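Next up, some structures in structure tokens.
Both of the next two complexes hold chain A, though its partner changes from chain B to chain C.
So, the complex of A and B:
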């Protein structure tokens, strides 16, 4: 036992660092009513129409991001493995660029470059920029997940078989490749979902009515509700990561999260 | 559709005359990346060397020398260094404990799962969590007060050290996620070989363990450094986004809504500075990873 003292010690320190803030936040979120513990703060948040609206907005944005990212990444990863394997490091390099260009620099560049165009002058245009940035942020996770998924199936034989039955490229992608990388795609999708739902920087700087900016604003007028939101947000992240681990495709989180 | 031919390996390939069509397959990806990442970033970089009349100038770059910009960069660099080292050491020791430290396997899995969540739990909600913990009314602050220790006013969550504590919360799990496989890549035989030659635990770590792990540890710390340097939301929520004495990312963000510096080119130069620092980080990280791959396959 004594031999294991230091491992246990460091484990305890780490666990405390992780869990004390979570416990404190939960405790704090229950104190909205003086003198008793209650879920009043949660009720206030969930009944707030702005919560529902911003949550729904971010939810839709996350879905759109996932669909577009999948539509770009799956054919690209498929094609690169099938016909252009030499291009793989290049694609990988581009998908990793969001680590070099932080979210705030990305949104700054987009806002500057497309200023005085319909992209920044209209609601729809800004939404396009928002989704475009999120798709870029999702690339590292999506590409890695799909690329690994494609390696575990024999795309050459599948392609050949489909072609011999008269399938065109669209049919091959839609009915052979997509169904086969479905689980890999899901793990990339869940991490993207977690990132988009909590993202603040890009949404706020593009003045979008998203969940992140809503949380930020709530803090200036409420005391206990923000901690309830933090717990809800943690639960949401946890659910997304649990889903990935349950699916069993280890698209582990790296760096491009909403810091 | 292009006709198929059989190659020696039995793979289906398109005949060479379809060459140009082959490249078309990756066009959507490159168009997307060009429109939403490459073109905007390159144009910002180019414009940091142009004045308002689009003539070549170094003024924007030179203006980075203004005291409040320098102090902002220094603040960001210090914050990133402190949290990379602090989070790196704590995360490294935790990764060691759950892998070769010999703790029960379920603890290892629990810590890794939790790290997956915690490394994504950042930004606004993380700031909320720490306000509820170590803010003026925070649970831990109150508890410490009840046993006679008052954190405030000596400490503030909104100060440099307060921010560091919050940042370390997302640094530790990232370190754990990357270092745990590295520790697991250490072969038992190395230790046995060393012990059979009479090495003590100290000898083993000093001459074998640490030298093998060092590139990995340093590389991951560099990654943590970049991770903190690019962070915006957490600091914004905690400091309120005022433009004085603050991290660089907030300074850049403030340039979008209002041109507070009265020189649009300076905003571009600020962004260029960040890209250079992040680029150096990723370059260094890649190089160190390559060094560590000689011994460790993770």
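So, the complex of A and C:
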């Protein structure tokens, strides 16, 4: 009996740690009108065109980040495992850099490096720079997820099998490697998505109309709406992740199995 | 000109040499095995034929075309791996059709060819399964079908059965051989299992430490080993320490007991230390062969009952000797500790030099037979 008690006890403590603030925020967000519980704050948030615009902007940015980092990282991780295994420690070191280099430093060095190029003197250019920064931020998560995924299949023999059947590198990547790391890629994508949706520093410094700066602005100017927004963004982020998962399900089911 | 030719092929990894002085000519439709212990360079040689490794020196010619510098995806060679290497994200049918899809064949043709191959490997109902839903033997059959689908010039198999259990291994190897005969496809089969190589091959290439020791039919390799290595690697063998008594008439002595071999020992002089090699199945209990025979006497040390065969170990004084008797319920097998005399024909004796040099009376006839 006691054996069952302690695991549950710690589980409950952990769950409360996450759920109580969430509940408190939710509860607070319902009290916009004095003396009654209402969704007034939610209505205010959802009626704000800035909310929709910034959320949509960050959503697109997140998708672009995921696609670009997948296109860069899968071939890289594949090649490193296949041909340059000795480079692996070096790459692993690189994956730690985004944790070590503060976002402020990252964005200033990028801005300096690319100043007076189309990347810094146009709206689109800055967006590209933003995505570039996010690709760097997501690098550790994406690389490690893909690297683990690649290790669970025998890329060496699969590559040679495909080659002997006439496939070139592009075909091998597109038809053999990508489909088989899809599941791993999805797990990296979820984290990337969550990071990009909430990111503040880089987006603010690049003056981008992103969701993070919007939340921040709202938090400093309103009382109940920020809480409502927190709950909404929490729900939307989860919904978006569920959607990615659902879209990926088809491909996922095909490679599932006891491996 | 042979269909596949390896000419003076050599491969080194840094300072270490994996394959050296490799010359081989394989005829169209032939089934050739590479046989040798682990690390002897079988896989490396096969991978050079496939194009996954580039020879350090030498040439590889397939069907009259020098492919030494051709990348693997342009060689049109079917490859089967020990690990099966089926694409986990594709069904059995898609796996088999992969090569044809790459070659942009029309969908109808692909479907027909896939069905044909599924029939050949007796797996017609499995087209829609995924690899993880198949047993190891089934996966390897699919891998074989996938390699054959592109109608390759050559079929290369690298220890395809090593991951399977003994029963399936025996039946699948027969199946591989039948399909190979049926399609008449030129095949190279890598194995370290001599029984597998014997059962399957038209010819066997016995390798050791990156070099070819002997090329010959299973019959030649087993009965007329060209080197000491081949003699001891292929089949089981008794090796007895002996001394040459009279090289001219082929007389040696094993612990003082005289043994006559079938031919003069041209490469030895009287007094040389040699090894006398004897296959266990060519030794019999004394009295069962009537012609002029060699005899050796010793003490029965151990008797092992192996079913159809009873293997007897005899100790002379310094040497040990195995031989086989057929199981016979009417006959009591020899008892450990008892004295025993065995006999064998002079033709059963191979004399091997102390070094690795080929030196036995049969090498002349082996060369003729080859």
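Note that the second predicted complex is superposed on the first by the 211 of 259 C-alpha atoms of A that agree within 3 Å, B and C clash if a C-alpha of one lies under 4 Å from a C-alpha of the other, contacts with A are read in each partner's own complex, and residues count from 1 in each chain.
Just so we're on the same page, contacts are C-beta pairs under 8 Å (C-beta built on N, C-alpha and C of every residue); 3 or more make two chains touch, one makes a residue touch a chain.
Quantities reported herein were computed from a predicted structural model and do not represent experimental measurements.
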{"item": "Of chain B and chain C, the chain that contacts the larger number of chain A residues", "value": "B"}
{"item": "Which of chain B and chain C A:154 touches, first, second, both or neither", "value": "second"}
{"item": "First (chain B), second (chain C), both or neither touched by A:126", "value": "neither"}
{"item": "First, second, both or neither for A:163, with chain B first and chain C second", "value": "both"}
{"item": "Partner chain(s) touched by A:146 [first = chain B, second = chain C, both, neither]", "value": "neither"}
{"item": "Partner chain(s) touched by A:171 [first = chain B, second = chain C, both, neither]", "value": "second"}
{"item": "Partner chain in contact with A:180 - chain B first, chain C second, else both or neither", "value": "second"}
{"item": "Chain B and chain C footprints on chain A, overlapping residues", "value": "160, 163, 168, 254-255, 257-259"}
{"item": "Residue numbers on chain B that touch chain A, as the complex places them", "value": "1, 4, 11-14, 22-23, 25-26, 28-30, 32-33, 35-41, 43-44, 47, 90-91, 93-94, 96-98, 101-103, 107, 111, 113-114, 116-126, 128-133, 137-140, 168-170, 172-174, 176-177, 223, 226-234, 236-237, 249, 252-253, 255-257, 264, 267-268, 271, 274-275, 278-279, 282"}
{"item": "Touching residues on chain C, where the partner in the complex is chain A", "value": "50-52, 71-79, 81, 83, 85-89, 98-99, 102-103, 130, 132-133, 143, 146-147, 150"}
{"item": "Interface residues, chain A side, partner chain B - complex", "value": "4, 6-11, 13-15, 17-18, 20-25, 27-29, 72-73, 75-76, 79-80, 83-84, 87, 91, 94, 96-114, 129, 132-133, 135-136, 139, 156, 159-160, 163, 168-169, 191, 194-195, 198-201, 204-205, 212, 215-216, 219, 223, 226-227, 229-230, 233-234, 237-238, 240-242, 244-245, 252-255, 257-259"}
{"item": "Complex interface listing, chain A residues touching chain C", "value": "153-154, 157-158, 160-168, 171, 175-176, 179-180, 182, 251, 254-255, 257-259"}
